[in-house]
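We just call them A, B, C, D and E in the order they show up, numbering each chain from 1.
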Amino acid sequence: MTIPYLADLKDQTECKTCPKILTRCKGSLYKVILHEFLMTAGAYFGVFLVFRFAINETQREYAAEVFKKLKEQQNVCIPMQMMLAFFIATVADQWEKIFENVGYIENAALAVATFLPDGKEKRDNNGNVILAKVDNSNVRRNIIRYLVLSQILGIRDVSELVKKRFANYDMIKATGVLQDHEEPLLKKVPCKTYAESFVPITWIMSILQKFASKNEENLYYDTVYLEITDFYKKIIKLTRYDLIPIPLAYPQAVFLAVRIYFFFCLFTRQHLDLEENWALSHWGFPLLTTLQFIFLVGCMKVAEILLNPMGQDDENFECNYVMDKNLFVGLTIVSSEHTECPELEEVIGDD
Amino acid sequence: MTIPYLADLKDQTECKTCPKILTRCKGSLYKVILHEFLMTAGAYFGVFLVFRFAINETQREYAAEVFKKLKEQQNVCIPMQMMLAFFIATVADQWEKIFENVGYIENAALAVATFLPDGKEKRDNNGNVILAKVDNSNVRRNIIRYLVLSQILGIRDVSELVKKRFANYDMIKATGVLQDHEEPLLKKVPCKTYAESFVPITWIMSILQKFASKNEENLYYDTVYLEITDFYKKIIKLTRYDLIPIPLAYPQAVFLAVRIYFFFCLFTRQHLDLEENWALSHWGFPLLTTLQFIFLVGCMKVAEILLNPMGQDDENFECNYVMDKNLFVGLTIVSSEHTECPELEEVIGDD
Amino acid sequence: MTIPYLADLKDQTECKTCPKILTRCKGSLYKVILHEFLMTAGAYFGVFLVFRFAINETQREYAAEVFKKLKEQQNVCIPMQMMLAFFIATVADQWEKIFENVGYIENAALAVATFLPDGKEKRDNNGNVILAKVDNSNVRRNIIRYLVLSQILGIRDVSELVKKRFANYDMIKATGVLQDHEEPLLKKVPCKTYAESFVPITWIMSILQKFASKNEENLYYDTVYLEITDFYKKIIKLTRYDLIPIPLAYPQAVFLAVRIYFFFCLFTRQHLDLEENWALSHWGFPLLTTLQFIFLVGCMKVAEILLNPMGQDDENFECNYVMDKNLFVGLTIVSSEHTECPELEEVIGDD
Amino acid sequence: MTIPYLADLKDQTECKTCPKILTRCKGSLYKVILHEFLMTAGAYFGVFLVFRFAINETQREYAAEVFKKLKEQQNVCIPMQMMLAFFIATVADQWEKIFENVGYIENAALAVATFLPDGKEKRDNNGNVILAKVDNSNVRRNIIRYLVLSQILGIRDVSELVKKRFANYDMIKATGVLQDHEEPLLKKVPCKTYAESFVPITWIMSILQKFASKNEENLYYDTVYLEITDFYKKIIKLTRYDLIPIPLAYPQAVFLAVRIYFFFCLFTRQHLDLEENWALSHWGFPLLTTLQFIFLVGCMKVAEILLNPMGQDDENFECNYVMDKNLFVGLTIVSSEHTECPELEEVIGDD
Amino acid sequence: MTIPYLADLKDQTECKTCPKILTRCKGSLYKVILHEFLMTAGAYFGVFLVFRFAINETQREYAAEVFKKLKEQQNVCIPMQMMLAFFIATVADQWEKIFENVGYIENAALAVATFLPDGKEKRDNNGNVILAKVDNSNVRRNIIRYLVLSQILGIRDVSELVKKRFANYDMIKATGVLQDHEEPLLKKVPCKTYAESFVPITWIMSILQKFASKNEENLYYDTVYLEITDFYKKIIKLTRYDLIPIPLAYPQAVFLAVRIYFFFCLFTRQHLDLEENWALSHWGFPLLTTLQFIFLVGCMKVAEILLNPMGQDDENFECNYVMDKNLFVGLTIVSSEHTECPELEEVIGDD
């Protein structure tokens, strides 16, 4: 699940917040770049050792000259920094849109609870009951269940963690979101390559139709319809962001540039002048290159996280959490027992 | 509360506005960076003293050489400025979205006032009263109260100041927004980890249902529903921005870069050549480095403020103010006494 | 009022447009920077004179050395240009949103005109008039008046020019937008710190309610409601942009950077080598520094204008114009006489 | 009309597309900068000739020194490139919003066609016709005509080409969009300074009212209202973008910077060292300066085009085309003859 | 079809993902730049050979001097990198908007399925059937068919691949989306230059009218209308993005800058000093220039792809896939057999 770190920033006039946020570990910069950093550092010291011990003086001089030439051109020819900055801006924009399309069920559930109430008793002019009171709470609960089912079926194509948890119908049935007699109906729909997430929504619509034909005076049928399709639209949109990502060549160009840049750093940031003070050469170069690596590869990792917020990292959206919450909150909202309004007592207006 | 400083900018052809805005203190640049500036300045002079007095000539020369090497690389390797600029652009974008989701109650209250009017007296053909006039103002006031209650329950997870003021149910009851007999109902809902802000909204919906079943001819029930869920949607959205912030690694990379940069400045901006004119060395370097510190750490602080607009700084949204205003304005709008329309007199069209 | 200059750009293949747009004076670049430019130029020549005539040779040499040191660091340490560019991008974004929330009354007036028509004569089966034709045009005119009144009450907290024109209730009454018997009602509402702009809207809602209870068959009551609250929402939003501006520290950091930069230019752009050709020193430096001043302080002024579009500059939104227009157009749209549809004659479809 | 060039980009794996797009002439880069380029080139060679032949050696040396000084400072002091890049980003953003507000009539026409159908014959219980079938197609055609009329009246204040074509009422009448007996009604409305585009919309609303009072069972009156006001809102918005452009000082600062930069290039890019190889001096400088001129003045021209998309250039929106299309498509959609649904035959679902 | 590569990014804490994404071939960076790279490399070695072998020493020296001069100016005068970065940001923004307007039929189909149900049997008070049950599934299927037909007619003007597949009416009829008796009706509408995509929508509206006049109690007619026009609006918008692209001069300026830059690289990146070590000259320069070519021409190609997402590249939207999916999913949703709701069993609320 994404790491909510904002609490650390609550009072930034004091100096304490900054160390706090910089030293968080879960989902941190340090964690995401650790592997690549170790590999790159290893390679650097490999080159270091080869340069110092494995080759002879002539080769070393020759190599040093090549490295110097590369160094001159490196910053001009690999425009990594600007490409990375603009790329992050673009994917951050898209990330925010994806984030807005994670579907929360509250509104759909409120619409269902409000506009599909329990049926009122109806009497004719003589006082005879012509329509008994109907408890519709089970209908409402089923609608919530189908909404969550549709979300699971749609999002498991997108999110690794959801796919793992709901790999097949049996795993969905284990949570009670799908029932035994519904599985064959789901399988009957001849979707081979298209997601079957629309099927539970059609079931809900079919429930709505039956409901509307019974309670003919209900005028707010379309509000329920709109809230439910609004929930469903977000499922479709999430899927589309996965299907049609930013054209592959763009992240490839950016990520390749960063890697190539640091590949050249393996050579160009070596301390070439062996005569010089050992401590100096030890100090100056690898330290700042290390920092540059941390910042820029860190930013690249941020771009990767933003590009695919549905992965299984610490930083990614925890869709499973969203679904559990949707099922729980949805069922609570539509159940009559928890949401009965309390007695209305007098409110004094002057505050 | 955020500092409304725009009035200072009202007439900028004159030169006076600029000094005015630059010398504001509350919530200012100077205040947010003061602590860090003092600490950094202290460290700088510590290094200064050590460099001049605590170490011998050889060490000093060696250190000077190291510092020079660092200085050469510093600006290339720590791409702080660009990272910071793009980061601010991204969080400013998000800040504006958060800002748009601070919920003001006016529209919901207007819908409640307009579409849940006092019940009209109804008579049958013989003039007998079959439905007495009903004063619904208490119902409307309770709806407003529940809206504010939902906002409190939702936002206290997000805003430090609201959390402080409404830490538990007793503190909410003290303001009259929650009543004694409602607390157990709120506790009964088995929300362990999810915010219970949806519960008062379900109460409102339950009121609406009862209302609708009494006044059957009311066609505008769904408009009230929409305005209320619109208010609630904003509460949810605010919460989500707190739950799913920009991935941690991004601010970490940026904030770390700024701090590391100025950490190196402690050394690289020292005046190394002791032979030189003392006054010169005193003048030139620390002054401009100080300014750089003010601008860049200032910008970093801006990024922190924008990243978490719900903190307890001078600059943050004063959510408590919003809630007080919502309660007051909401109750005024739905009360019949203040909002009765005056006599309509003739308006002359030609202006 | 904002200067509509786009007509000058209509045919830019010809070279004439550019001189035209560059030589406009009202609301121009030149006008906004004039004061600051004169002050800065004065200071520059002050430093110039002191450097040449008021100090002795030793002091001059010493000063020259200090200036040189400052010059080296100036461009690195004061990252004015990038900060300014990103800041303008951010405020331009916000400016556009403010601009979209300047409320024009056309749509609300059309809804009022369409859905609150004059009452139709109704007859029973025997041809007796049971409901006389009602002229509702006065009701509609009052609704328009209240909309404009709400806009005045809301926007005068935000716009200097509106505040000047409508400083108190008497000044509003002078334009006929507020009537004598309404002032006490407005004062009765106990708003001390909150804007009373919501009061006229509640009056409109109260009119709508009465109207709806008379014309029971009217189904479009909610469309009128939506258009009116849409108009009102824009008033609230405009107010909020003034209450919660971009955190103060951001413009402070940017504006301070620009000013500090040019403060240093007073010294660093002096011609230091007195031996050199006088004409040369006269030519080269101040000219380009002047241009730099024009472009960058010009951009800073643009940022100030964009940050506060409700000021009293040439460039700011003329809210008074908008309100006059709203009153006139609104009253015209709802009056029956001007907007009666002409005879419908045959239209030939083939074009 | 804007040049639709995207077809040239359809298959960019092949190398042919690029030459195609780069060699288009209509509305191209080359065309928009041609005039300015010729003037600037002329001035350059004027300076060239004066520098070589009109002045003596001393003057030449003196000039050369001045030019060198200017050259050193030019790139630092005239931050043209960054200003231009950010300015284009800002206006491109606004351009897209203007582009979204060019009103296409399809949706309004579909609403009119669907919800204002021909009146159905109605019979009482005895089979007597109590309401004859009514052909409403003329009503619908007039609504379309008024929509286009409103668009013409609104947009002619904004677009040069529309102003040229519809300079007065007679020119509008010539196209049949305005009829003779409507002109006096339009003139009667006392709009002196405000656009009269709202008048035809009030006529449509008046038609709708009459229609609604005849066909009382029509529930979808508000959908028609919404589509029509949606069309009208876009007309208003387009007008506003013209009235309240980006503050004048911003484009002035940017355009001035570009021009001043190239004004200095007239001098600083001269080949100063006359001793040097003639061919060399001939080659090196003017060629790259020419390219720089093409790219940067080209970008400035793009900014001008984006800033005012309603001009009469090749690149601007062809509003006249839009209006012709609106009239034709609108009338076709509302005519019964072309849009009668064909016989519905069986569709086989399996695809 | 666009390449969905995000799955490769699912777990980026491990180092494996990066190689995976960088080595994808279909739709990759390498593929899009291959042609241009080979051509440029060929030209480079042509110049290389001419410089070394075809010209004499004097010419070579002269050329070397020219090349050096060009090299000095190249990076200042061709501001390719910044132009490219901002251009990509602008087109990426537009690309996302186009992407949001690819029309998926689910919502329209759900509205049709929900609000145009099979007709219910109606009986009078004596139990006699006065309205037989009507199977409307064929009506619904035809509506879906017309929606897809409208999409085909609209998008084939925009997308190369759709144009290829549906070049004429016969090819559309082959898929069953158009039927024989409908072709003449389509041809009868006198659209010469405007797309006929609105015609099938008018047919649907005509079906809706007939349906509404039969089932008079249907209140949700406007919801169906809105979903269908929403689908149609997206078709229109897609077409407009093709008709009114970003002004031609902008991509021309940017693409020309990139190409001119690398044209100069053919000369300026030659290894000029023939005395130097051959291996060195062989190593240093072409390698980094090659990388620069890959990154920058790669970015330019990304801009081209983003500018025209409807082409026939690997990276472009596969509109044909969308249409097939729309037809299949749409028909499934509206068919009664697949979407009948299963039995509702008890759901247990506690999760």
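Note that in this section a residue touches a chain if its C-beta (ideal position, glycine included) is under 8 Å from a C-beta of that chain, and two chains touch if they have at least 3 such contacts.
In this text, all values refer to a predicted model and were calculated from it rather than measured experimentally.
A.B. asks: List every chain that touches both chain A and chain E.
C.D. replies: Correct list: empty, since no chain touches both.
A.B. asks: With over half of the numbers shared counting as same, classify the chain C/chain D interface as same or different.
C.D. replies: Chain C and chain D contact each other through largely non-matching residue numbers.
A.B. asks: Distance-wise, how many Å sit between the C-alpha centres of chain A and chain D, to the nearest whole number?
C.D. replies: 39
A.B. asks: Taking the mean of the C-alpha atoms as each chain's centre, how many Å separate chain A from chain B?
C.D. replies: Here the centre of chain B sits 24 Å away from the centre of chain A.
A.B. asks: At least two other chains touched by the same residue of chain C: list those residues.
C.D. replies: Counting only residues that touch two or more other chains, chain C contributes 32, 82, 86, 89, 93, 190, 219, 301, 305, 328, 332.
A.B. asks: Touch as defined at the top gives a ring of chains. Read it off for me starting with chain B, then chain C, then onward.
C.D. replies: So the chains, read around the ring from chain B toward chain C, go B, C, D, E, A.
A.B. asks: Any idea which chain A residues touch chain E in the complex?
C.D. replies: So the residues of chain A in touch with chain E come to 31-32, 34-36, 39, 62, 65-66, 69-70, 73-74, 76-79, 82-83, 86, 89-90, 93-94, 97, 138-139, 141-142, 144-145, 160, 175-176, 179, 181-182, 185, 188-191, 194, 198-199, 201-210, 213, 216, 219, 221-222, 225-226, 229, 232-233, 236, 240, 242-253, 255-257, 259-260, 301, 304-305, 307-308, 310-313, 324, 327-328, 331-332, 335.
A.B. asks: Report the residues of chain B in contact with chain C in the complex, numbered from low to high.
C.D. replies: 2-7, 9-15, 17-18, 21-22, 24, 27-29, 32, 75, 81-82, 85-86, 88-89, 92-93, 96, 99, 102, 104, 106-107, 110-111, 113-115, 117, 120, 217, 219-220, 223, 277, 279-280, 283-285, 287-289, 291-292, 294-296, 298-299, 301-302, 305-306, 315, 317, 325, 328-329, 332-333, 338-349, 351
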